[in-house]
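Structures for review follow.
Here come two complexes built around subunit A, the first alongside subunit B, the second alongside subunit C.
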Partner chain A sequence: MQILTFLLKDERYAIDITLVNTIENKMPLTPVPNSKKYVIGLISNRGSVIPVINTSLMLDDKDINNIFEKFIIISIGNEKLALAVNEIDDVVEIEEKNIENINNDEDFSIVNVNSNVITLLTYKQLKKI
Partner chain B sequence: MIKKLSNGDLDVTALEIKDVIDIKLLQTFQDNFATGMNIASVTVDKDGTPVTNPSSYTSFCMDFTHSTKAGDDRCALSHKKGGEDAARTLRPSIYTCHAGLIDFAAPILVGEHLIGTILGGQVLTSAPNEAKFRKTANEIGVNEEGYVDAVKKVYMTNEKNITAAAEVLYIVANSLSQAGYERLKLSTMSQTLSENFSQISATMEELSASSVNVTNNQQNLSDEIINVKKLSIEINTILDSIKSIADETKMLGLNAAIEAARAGDAGRGFGVVATEIRTLSQNSKETAIKIMDLTKKIQESVDKTIDTSHSTLETTEQQSAAIQEVTSNLMEVTTLADELNSMANNK
Partner chain C sequence: MSNDFSEISNVNKKNLDELLHLVEELVINKVRIEKMKNEVSDSSHGKILDQELRIISEIQASIKKVRLIKIKTLTNSLESLVSNCCTEYNINVDLIFSGQETEIENTLIIYIHNILNYLIKDICASEFAAFKNESNQIKVTTYSDGKNFTMVIESNGKGFNYEDTCEKLNKKNLDLISFEEDEVKKFLNIINFTNNFEEFLKLRLDLIYLDGSMEFESVANEFMRLTIIIPLTSSIMQGLLVTIGDQIFAIPLDFIETIINKNTVKTKKSKNIEMIIYMDHIIQLVRVSDLLKIEAISEPSCIIIVKSNNKRAALLVDSLLDQTDMVIKHKHSIMMDIGEIKGTTILGDGLVTLVLDIPSILKEI
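After this line comes the complex of A and B, so read on.
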């Protein structure tokens, strides 16, 4: 399978590429009142209005003053979401057997890419949003 | 003749009497002295050629002795001998001429170098021996009676007076020649001085002009270097846009990879292309960064060059100023030397 790797600060994360629609440069956000705290605004992309997620905050990162440069537009079921990240890194081919679940919890997975262990965001985890 | 040696000094051996003594002044002095003392005199150069007109020559000499070639030759021989004695001793010499009159020769010297002789005399210190003069008259072929009459009219004095007269002529003529020689030396020196200063002045002006040139060139160089800096800044601006194009290309490649993945097996070939695009964008970015490093180094090196160029410019400007100052000082000195020269040449 293929994964898309990206950076939050200096930390590398990955996402199953089949979940990804497209990646975009950052664009102006429209604020959403009374939304969840990690929803930082709305964007319009290819005819859809899409909520933008502060990915750092969603992953319990303490740094909330992150300045995002790129958006990863993903599809979860019929929902579209934009993950705000610092930098898109690469598309990498991995063996599915290299994916390990932590604490037998399929929400968090890690994968070994070129001797680097990185966190893989899975469908299950993202579905909770 | 006024001649200079190779070292610029006067050639004493070439000097002639007219070079150091004002002949008109000498003539006036000689005439008045001859009249006052009743003693004939004439001044000759070192070759024996007269440079003054004879003063108070006696009829005995003018009308008789010199009137025939034989007499004239004897006189010349006699003068030569007297002159040679004077030249050898560098002192006035008193002698009896071939005809029996008392004569003297006083050397005119520059240092110890003979430039002429004052000849004089044509007097007697005792009553003439008629027989002897008759004999001479026959020998040189003049009228015996006339010759004896003429010798009787020759001024009679004593030897002491003749010696004193010779001494006076000797002292005055040599004072004149010494003063003239000193003045000539001064004139030569001041002329050399003036010429040298003019030469230095001209050289300094050339130097000044070329130093202005150096300053201008340095200024141009500085301007060019600043241009290079501006250009390298422009290159950096262009590199910024190349970098952002590379970023955009990367995004495009990533999106292509995503599309290819979503297309499954059908997208596999396209996935390879997408990878190539990402590699290409990465290479472009790295190249741009390398060039940026290089332009940064160029800018640093240019900054150093500008610093050096500024200090060179300062130095060359200081040099120009110093040269100009020296030139203006030299001009003053040259003017002084010229004044000195014209003073020395003012006879």
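After this line comes the complex of A and C, so read on.
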């Protein structure tokens, strides 16, 4: 399977490439009042309105004043989401057997790529957003 | 000579949805092309843009017809629902479905299906199951006159006493749209439609937004009838754009009664609630910036009096911007619990604008 790796600050993360729709440069956002903290705004992309997720905040609950440069637009079920990230890294081919769950928690997977440990965002985890 | 063997060709719904989506994109770009056209000086470029605009308008018009679906598509699902209810309550129910050729927009069909689904379940549970008649009948009739879509659901069960019920609720008629939420609950209790309160209330709220109507009629031991009317022009609305803090919001024009300058009315405070007096009405003033927790950057200058369901509120906003046609898109599931927002719309500049949910704001105050 292929994964798309990206950077949040200096940390590398990855996502299954079949979930990825497109990658966009950052663009003006419309903030959403009274929304969940990690929703930083809305963008319009090819006729759909897509919420943009502060990926750092979603992943480790810490408010970092991160300036995002890229939006990874993904499809979850029938809806789209944009993950705000610092930088797109690479597309890597991995063996599915190299994916490991931490503490038997299916929502939290890591993968070993050339002896680098990368956190892999899973469909289940993204579906919960 | 035509070689067509059939007038109808089968199209995969997914392909059609994709096509519709692309047209939507084109329509959103149309406003931008119009802007561009006014800016180009070269007349030959202007001509091409003009042609493009005409083509987009034509595509838009013909795709509208494609979007229509016949009510007939619901038949199978309703029939199986009725037969499920029959087995569950051990009763016999005839479903008579007329007006199946009526055409309605793709997006509304799910809504219609939900209403029918809910009602048929409750009719079976409270009308038929409790009183095991020999012949139970549910009659669904739909028709459309181009402006309104009407659906009548009639059952021959025990019904209820219309006058008594009106009296109990202190109402002249049972037009549920004009009821308060508590009154609707009370009414559903009286007629014993208690299976799914929340769902019914949600359907009713949607109907208020579509500017529809919903009225019960009944004669005890004879029939009960619910008439639902939905205007067909509801997917595109006129909206007023206002600024609040540094953001732009849209308010559907249908809910706006009038707009007044803040300096021309006096506000009064009582128990921390601000009010204005306008045309003999005392109306509560709502600071929208507080409601949405947006930092104010200037002193609000406009009061917009909105009305829905016979309730009014005076919305205080920073300034008015423009009036525009808008296509309201559904809220993303991530925003579902934000009551103040009805949906989103994409304006000519490509930016997303939030549409305020006036009935829900009025309900909260």
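Some observations on this one:
As a convention for this text, the second predicted complex is superposed on the first by the 127 of 129 C-alpha atoms of A that agree within 3 Å, B and C clash if a C-alpha of one lies under 4 Å from a C-alpha of the other, contacts with A are read in each partner's own complex, and residues count from 1 in each chain.
Note that in this section contacts are C-beta pairs under 8 Å (C-beta built on N, C-alpha and C of every residue); 3 or more make two chains touch, one makes a residue touch a chain.
Please read all numbers here as calculations on a predicted model, not as lab measurements.
By the touch criterion stated above, A:50 is placed in contact with subunit C alone, subunit B being left untouched. When the two complexes are overlaid, the chain among subunit B and subunit C that reaches more residues of subunit A is C.
When the two complexes are overlaid on their common chain A, residue A:90 makes contact with subunit B while staying clear of subunit C.
Judged by the touch definition given at the top, the superposed model places A:2 against subunit B, while subunit C stays out of reach. By the touch criterion defined above, A:18 reaches subunit B but does not reach subunit C. Common to the subunit B-facing and subunit C-facing surfaces of subunit A is no residue whatsoever.
Against subunit A, the residues of subunit B that register as touching in their complex are 250-251, 254-255, 257-258, 261-262, 271, 274-275, 278.
Contact residues on subunit A toward subunit C in their complex (touch as defined above): 28, 30-36, 39, 42-44, 46-51, 79, 81, 129.
Contacts from subunit A toward subunit B in the complex involve residues 2, 4, 17-18, 20-23, 25, 70, 88, 90-91. Of all the residues in subunit C, the ones that touch subunit A in their complex are 21-22, 24-25, 28, 247, 292-294, 329, 332-335, 338, 340-341, 344, 346, 350-354.
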